[in-house]
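Before anything else, here's the structure in question.
All chains are identified by letter, namely A, B, C and D, in their written order; residue positions are counted from 1 within each chain.
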């Protein structure tokens, strides 16, 4: 089977300082990869390289997917001055079939007209994760998805990811805490 | 062609023109500015190179 | 098409983003006659220089966070990852800014022109010139703002303002042309030509710059 | 770099000698100008500087195109190291021009086409330097610098054209003044000499400045450590 992501000997330098080097991995359908590492070891950079935002200094990376990549980064991509509803429109998930389900799970369905600026950090993160829950892609890339989430939401996230893996999607995530996902791990 | 157009140093400094104006001050101030700019930048770059070489050592 | 709709929604809901520049423009236009003795001739003489400078300043103000906000909250990241063409996104962003800010300002400018110069043919002829020039200003300033994305807009302006000086010279010429009834349409075509080059090139360069910022 | 280093003193002393000799020639040996009097002797300082200020920009544009196309790091070091020197020569051209203007035009500043476009060039040089210095990530800064230099280089002929176009209407009198009177051969030789000598001196400055840039940017490389 052809791997969705094939990374070969990736290295990255910033201002002539090596961040990481010689990273090689293959990910086939239904597999997950947990990227571990200390602060500043380049986890975010590696994920950005896989997304195609950053070019590696050396090495090749091929991604084999026709659909868009779903990327949840540190930044939420939410507009502070818009309501939840408008933000969902901007995410282009406004009329997804599952949207009511997730909104009610996260207890946000009653406050659709509240501006994002008035929500707590964790609630904002939950709305950003809606982009993941309602995704339409084969490749899910999550950068520290659990920061700011309560236990309940973390459980939902893990369940969702496991389900998506069974559906044959590829998940690539970095996290400091270990999540209950069947995954290979990569330390950088 | 190659004879100096001024008879003395003070004449060269004043550079009196035919219309009676002294143009020396303009010419010499430009000369001064150009020399200063060029020499200061030479000194500056030499100093900077020395400084950074010391740091690396 | 969705992108244009989304950008429109975003800008419209952020009222300080579009109302602010328009109000500043109006205030400059109102404040200008107060500084001159109220005789019509003198008012008319320097009205156009004030008009161009005001349009320039206001466009500067308008583009201040055209990319900064999206960069800070991560929307640009999402745009760059998605299959949308980034330069198309940027081009439509600039277009929306022009539609929401540049268009009203051009209309206001020609209304004030009518009020101060009191010749209706002047204000009719100045309107298309204002439309085109505000679009060019917006394009060039968004290029500058993209360059100095995280470093404040002053730097971007410092870097791009010298490039706009030729345009100001042309605008000065246009006023003379209208005044003496010379070759007005020639200038209009010249401005349109400049715009058509800029409208293609600036989004391309800007998308390259923004990709470099996102690295 | 080592070869350049070896050639550097020769270039320096040769061009210094040429420059001083032509300056001496120009300042003392050439006859006085009929119209402008002795103040025309500023030409031997002013013309080389304004010539160099524009050709340095051209050199920067070429170097940044090379960087953007072939990703040659050395060329962007060159761009960054030329920028302050270009600013300095433009400054010299502006100052010497305005001092020259006092005796000949009776005023130190005229809104003349050449002066305004030189002033814009000066501002652009300063803008380039401040843009590059405001980024901590060198690679980003290099990219932005070279893009801006290229965009600016497209603009420079436009600026020149439009400014010239503009000032012919407003200041018809000053234009004729700024144009050089048909210059005599006796005056032309030292002018060529001073241009060549000045170019050599500026080339030396560029060499020094790019040396500084290279050492600064490659300081972690072992060959730099061996070198210093």
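Going forward, a contact is a pair of C-beta atoms (placed from the backbone, for glycine too) under 8 Å apart; a residue touches a chain by one contact, two chains touch by 3 or more.
Predicted model, so just to flag it, every value in this text is computed and none were measured.
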item	value
Centre-most chain [mean C-alpha coordinates]	C
Chain pair, A-D or B-D, that carries the greater number of C-beta contacts	B-D
Separation of chain A from chain D, taking each centre as the mean of its C-alpha atoms, in whole Å	51
Distance between chain centroids, defined by C-alpha means - chain B, chain D (Å)	17
Centre-to-centre distance between chain D and chain C (centres being mean Cα positions), rounded to whole Å	33
For chain A paired with chain C, centre-to-centre distance based on mean C-alpha positions, whole Å	38
Per-residue multi-chain contacts in chain C, two or more chains	215
Touching two or more other chains - residue numbers and ranges from chain B	none
Multi-partner residues of chain D (at least 2 other chains)	139
Touching pairs - complete list by chain label	A-C, A-D, B-D, C-D
List of chain D residues in touch with chain C within their complex	120, 123-124, 126-128, 130-131, 134-135, 139-140, 143-144, 147-148, 151-152, 155, 158-159, 161-163, 165-166, 169
In the complex with chain D, residue positions of chain A that touch it	14-17
Touch list for chain D against partner chain A, complex	136-139, 217-218, 220-221
Residue numbers on chain A that touch chain C, as the complex places them	48, 51-55, 68-69, 71, 73-82, 86, 89-90, 92
Of all residues in chain B, those that touch chain D in their complex	1-6, 12, 15-19, 21, 23-24, 26-27, 29-31, 33-34, 37-38, 41-42, 45-46, 48-49, 52-53, 56-57
